[in-house]
Structures are given as structure tokens and as C-alpha cells.
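Chain naming follows the written order as A, B, C, D, E and F, and within any one chain the residues start at number 1.
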């Protein structure tokens, strides 16, 4: 996780924020995968996963929210470039022992800038949507460890989280 | 964290999602405080915090993004009610030893429904904005432990995280 | 359907459009129910409804889209007032003989203006979402008969469609 | 209208919804034309069309709303790709005998995915805007027969409604 | 114009930006009127105003854009409170001698905070829309003197521009 | 400023508004620079610029608002094409003698249509944000002379304001 440190790319010489100018970058196919986890109390997790309790509807609602958020990422993150996504997907896996829902989002585009922020935003909003739908059962739910897992494309090439 | 479990309020009897009808709730003054943390590698943290490197601009940009997101929460979270916020604030505190930026968001309204989601969303988007501005220095940055810290107002009254 | 004709309320004396000023109206509890129908070809309808084909996910996705659109109605309809909805719900019923999906949306608020547009918009966007998800199987799908079914509250009181 | 049935493209093998990945599609010039109709009561139609009653302003307002909605289509329809439109146009034709306003929307892009949804959305929101501006005169107005009329471009080539 | 100077209300004691907390303010009826002017070259002005050139459509399009922007003001201005507008109106007056289009916007609400920003935003976006529609005839068009003309309601009461 | 007058490109032969169809235009690298000015009373200017009064935070907040608005330009201006910006930047310069803040916005894209509206919108919203943050000290603040300064790219090539 301690890769060679570049400068903070969103600051100019005067220490003021700026959008990175991507006009000179070559468009390439770019992929990013992000992940995160929602940790529920045991009773809330049981409620979410018990048969006939609409688990599929809840997860699908979070998936839809995550996909919509990926498309609206540049509206939310000030210095993020808007770009047309070729794909945005959100998947869930449940861990009964840990009482957690793991979220993974994949975004792809063919463009001049990466889609890490789109994938990170999709995970975050899917997690918030799960929180919203389960908070009546457990206000203490925690959204944990949202991070980038993989990216490819662009000048910096392929990157994969080492853990 | 293991409070008495209510039903998942966003599911109807057929197990289909629904917005909770708040039409019959009494408007009260409601406050919610949420928190989260952004963990950077040591070199990225050093870069962010070194004098003359625009730390103030970076944090202010994340603050603005968080406040705007709080106001747009109901656009992002499908079953969340839209409501006019009386206040949305985002604060940061830096921990040099841990290389983390802690984020705390406070929202207030006088209305028929709580503002937990607004505060959680403000923290999430402020964290994503920090990630975005520091990712050139460290792709491995982790957004940790977004959770509710406090809420007051409404039928369920005051709630405070026990830790 | 031929009720007494009022003037077009969104035109001023000069024949120019204007928002109706609702500042002097008394806030009352207001409800509106709208409906519409999506007509598919027999093969597309069969595909949508066949077991294991994700009918629940498709309908839930359309429901989420409809609810989100209800909340964003004033962003879409130029002279519509923005207002906080107490409730927005979208339901579906399938007619195997007619190969149609009927959509019904209910909106409620306590405010100075009605929520007919919110309910009509929810039906329209839920229908468009169904079209989008089924169009690979049938480009010819038709969205039919979107109309108001019921409203209550406000000066004009209760209204119910006569058919 | 009973073309060969493909699978529902927005469902994966597990029956879960997903955005279609268009990353491998060749960008081509794509056009879509959609249509719909707003049916008014005779008195409301007379009011809308009588000289000096601002018919032009009303239709122009609906046109503007339709064009804006076409551009915001991917914000509304969960699995729809965002893409820059080269053109979005909305036209009206009035049928005095039937008391209807026919709406036609045309969208064009040069991209990896079609613009049917953009055209359908433009028609829907233009129709809703007409409803909104005439509803004081007739709550019973019906939005009828929103459908695709024509599309060209992409792998499936040209398609024209047969009626 | 040199009224007694209050502090910058959007800065806290640490000099950091913050939203003003309006939770304790009494809701009152509030009105704001803002104005501005678009100055065209003589040929562009002649083109805009010549009979049969769609002047009405152009102005109506700018009016619609201004009204929509008033409703979306809190999405654009970071520390502005979102609130439901009771009314938003935009009017134009043409000055043939000066080749200018004067814009005036009026907003009203019954709430805890004023609507100056909504009126200023409506004028600005109406002006930008006029610029957009006339820029093919004159890239040099200038948007001039956007300012508040009048406000009433709230603790500070009535204010009227002195000129 | 009196360049050769073209027709109003957003009107069709019937005098109705339309989006310009840019489908046949060649994508080129396009730049636009716009500018404007915010004029404060002397006391308000003094308050904004006095040491320790958060001038940097205020300007940064306006910068962020301007950049976000540039990306959302096509949502606000009805006939403006949406397009992915390669760059959007907003800069300020203060004139102590005149008590003004000058704003300059630069936008760049590689596309089929120019980015003048994006730059003009960035200036406008940055100016509105400054107004919002300083209006408690001076309601009479004026936003002045928003205009295009430079554009390049596209068929009409380079254009530079002559003053």
C-alpha cells in the first residue's frame, strides 16, 4: 500500500485546487473495481437474511442506487471528470458468521481518465442504501473499509490491491 | 450496538420495498451526527499535511462536497425522504500518528423524519472527495468506519453510540 | 371527464407562463394516485414473467426508479412546486391475458400544493424503466393510459376518476 | 410488433439486474424517434388552443422540459447509459377533431449505445408538462401510446414501427 | 449600498465555511426580487427582436430555465438552504435603444430563510440561456449588473435597493 | 464586438427553438475562457479580505461551486449539449482599489461542440456563491460584466474579445 508518492495532482503551484487537465491523455479502455462492507448487529443481520423478508428487494434497491450513483459521480465529487460509463455493476456477498454484507462495484469506460471514483461512489451509495433500509433494526450499523481493489488502463497501467 | 430489533421498516407485508409514510408523524427538531475516517499511507499523509501543500483547500473542498451531498441525499438514497435541512456541517480532525483524517458531519432539521442519512451521506461524500484528491499519491487509501454517532428528536428520542 | 373548465392556471394575463403562487394556500394533507400500463408483445411478456427470469428484480428496479422520480418531479416539470413528500409508493399488477403490467403510484404530502404531478411522474418513469429492461425482447412495447385516478386535499377537495 | 425474442438483456445468469456492458460495441451514428399523445377533454382542448391563450408558450415549455429530460435520461432510468446527445428535438401536432396533442421526439448520438430511452423520456416528460399546465382545466387528461417509432444505427440496424 | 457591516455569516470562529443554522428562526413569508441585463450588439439585438424570429420562444425558454434554476438553487450554491418555493417568476423587458434585455426574477416562500439566492440564480440562468441562444449572432454579448432589488420577511425585514 | 451576424442557430424555420444538431461536426480540441466581476461595498470588501477572515475558504468554496456548475451546464441551459469536460478551472484576482473580485473560468474539451456555456456558467455560479457568502455584510453586491474572453477550436476557429 506504500507505492511511490506522486504530488497531490489536484493542487496547482499556488496550492489551490484544480481539476487535472486530461485533454492530452490517450483514450484507453479503463476498468476499476472497488469494495466495501456493511456490518450489522446479529439481530439486524438475521432480520435482513431471514426467508420471506425481502432480502432480494433490499439488495436490489442498493444495487440500483449504487449504479445510479456511479453515473452521477462527477456531480458529487468536485474535481472528478464526467464521462460516459460503458458499464457499472454492483454485487453483494453475505457472510453469515461475520454478519456483514460485502459490496463490490465494477466500472468500465473507454476514455481519457480512470473510473476509480465511479466504483468507489457506487460502493458507498449502495452501502448507505443498505444502512437506510436496515437502520430501524440497528442504528449502529457500520460501513467499513471502502477501498479500491483493482484498476487497469491509462498511463499508470494495472494496479491490484495487495491483500 | 445490539438494541431491540424492530422490523425492516422499508418492507411491506409482501416483502416489497416501500418508503415509510411519515405523514402522521409530528414535526420535531431533529439532529444527527455521523462520523468516518480516511486512512492514508504515511507518505500520502505527509504530502497532504506538509506546510504549503494546500491542506486547507483540500479539506475545504471535501467539506463543500459533503454539505452539497447532504442536501442531495434523497436524490441518492431511494427510500429517503427529501426535507429542507436547517443545518449541515462537516468537520475534520487529523491524527498524525495514525495517518488518518477523521470526518464528522452534523445535520439538523425541523421535520417529520430524521436526518441520519443526510449526515451519513455527508461523511461518505467528504471521504470520497478526500480519496479523489489524494489518490495520485496513494491508490490504497481506505475509507473506514462510517457510522452514526448521535441522533435526537422524533419518537425514538435520543440515541448515542456506545463507544 | 368533462368537469367545469377553469382557466389555464399557468398563464398570466399576458399569455405568458408562470408558476402558480401557492403562498396563500393553507397546508392540508394531500394524496394523489396515478396509474398507467405497459403493453408487451406475448413473447416479451412471457420472457418477463417466466419463473427464474428475475421478474421481481425488474419490477423492483422500476419501483425504485419511480420513487426516485417522484422525489425529483419539480426538477423535471418546469412549473411544478418542489415539496417534501411524506410518502411515494409504486405498485404493479400483471395481466397475463392482456400481456400488460399495470402501474399505480401513490404520493402524499402535507403542503400547500397537490402531488398529482409527483404520482404521474412516478408512473411514467416506472413505465420507462420497464420499457428499458424489456426493449431487447420487444422494441414495440407501448406505454398506455397514464392518468390521474384519485386526489384529495386542498381547496378542490376529493376527485375520483369516473371509469 | 412480434419480432424475434431475445433475452432480457438487463438480467445476468443469476437473474439479477445489470447494466449491459457496451465497451466492446463500435460507435456508430444512432437515431431514435419516439411518439405519444395527450388527450384532453373538449373544453380543456378549446382553452389550450383558443387564440391569445398562450398555446405557443405552453407547447414551448413542454418542448424545453422534454429536451432537458432527454439529456438527463440516464439519471432517471437506472440501467441506461449516460451519453452526450448530438441532438434532441421535440415537436407537437394538434388534432382538433380528437382533442389531442401528438408529441414526437428525435434524438441522435454518435456512440456505443442507442438513444431510444432518451427519445421515450423526452416524449414522456413533454406530455407530463402539458398535463401539468392544463390540469386546472381537466384533471382527467390522459397520456396515451408512448412508443418507439423508429431507430437506426448499432448492430440491430434500422427498425420502423409497423403501423 | 453601504449598510452596516455584519460579519461574514458563513464563516465560523476558526475561519472555516459553514452553513448558517436556521433551525431557530421563525418561519415568515419572504419575498426577493433580483434583476440583471443582457447587452447585445445592434445586429444581434435586431435579429432577436425582428418579427417572425421567434423572440417569444427564446424569451420563454430563458424564463423556463430561470424558474427551474430557482428551484435547484441549493444544488448549485454550496451553503444555500434548500426550501420549497411558493413562487418563482421571471420577466423580461426590452430596450430597443440600448439593445438590452432586462431580466427580473421574483421568488417567494414561507420559511426560515430568505430567497435572495433563488432570485439571483433565476436571473443568472435566464441570462445565460439568452446568451446561449444568441451567441451564434454575437459571441461578445455581456451579462450585466445582476443584483438584488428588493427583499422582505425575516428578522432583517424589508430592504430596497437605492437607485 | 460587432462581428458578422449569423442567424439565431437555436430557431428552426418555423421560429421554434431547437438544439443545434452537432452530429456532423468534427471533434476538435476546444477551449473557452469567460470572465466576470463581483463588486462589493468597501466595508464588505474589507471584511472579506482582512487577515484571518477565511478569504481562502470563501474563494475556494466559490471555485468548487463554479467547477461543479461547469460540469452540470447542460442540465441548466436547455439547448446546451452535454459533453465530458477535459478541464474546468476557476481563478480569482482581487482589486483592492475597486473593491472587486474578478473571476476567470477556463474550460476545455475534445468534442463536437464548444464549451463557452460551460465557462460562462462557471463564472456565474462562482459569482453567485461569493454573493451568497458575503450578502450578510452587503445585500447590494453586484455581479458585473460576465462575458466570453476567448474561444478556440471548431469551425469558427479562434476568437478573442477586443478590449
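Assume contacts are C-beta pairs under 8 Å (C-beta built on N, C-alpha and C of every residue); 3 or more make two chains touch, one makes a residue touch a chain.
Here is each chain with its UniProt name: A, B, C, D, E, F = Cyclic pyranopterin monophosphate synthase.
Everything quoted here is computed from the prediction, not taken from an experiment.
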item	value
Joint neighbours of subunit F and subunit E, given as chain labels	B, D
Listed pair (E-F, C-E or B-F) duplicating the B-C contact set, over half by residue number	C-E
Comparison of D-E and A-F by number of C-beta pairs in contact, larger one	A-F
Subunit F against subunit B, contact positions shared by both copies (same if over half, else different)	same
Averaged-CA centre spacing for the pair subunit E and subunit B, given as whole angstrom	32
For subunit E, residues that touch 2 or more chains besides their own	16-17, 57, 60-61, 64-65, 68, 72, 78-79, 84
Contact graph of the chains (line, ring, star, complete, other)	other
Touching pairs - complete list by chain label	A-B, A-C, A-D, A-F, B-C, B-E, B-F, C-D, C-E, D-E, D-F, E-F
Footprint of subunit C on subunit B - complex, ascending	16-23, 74-75, 78-79, 81-84, 111-112
Sites on subunit C touched by subunit B in the complex	29, 60, 63-64, 67-68, 71-72, 84-89, 108-110
Residue numbers on subunit D that touch subunit E, as the complex places them	56-57, 60-61, 64-65, 68
Interface residues, subunit C side, partner subunit D - complex	1-3, 5-11, 15-17, 36, 41-44, 46-48, 52-54, 57-58, 61, 64-65, 68-69, 72, 76-80, 116-117, 120-121, 124-125, 127-129, 131-148, 151, 159, 161
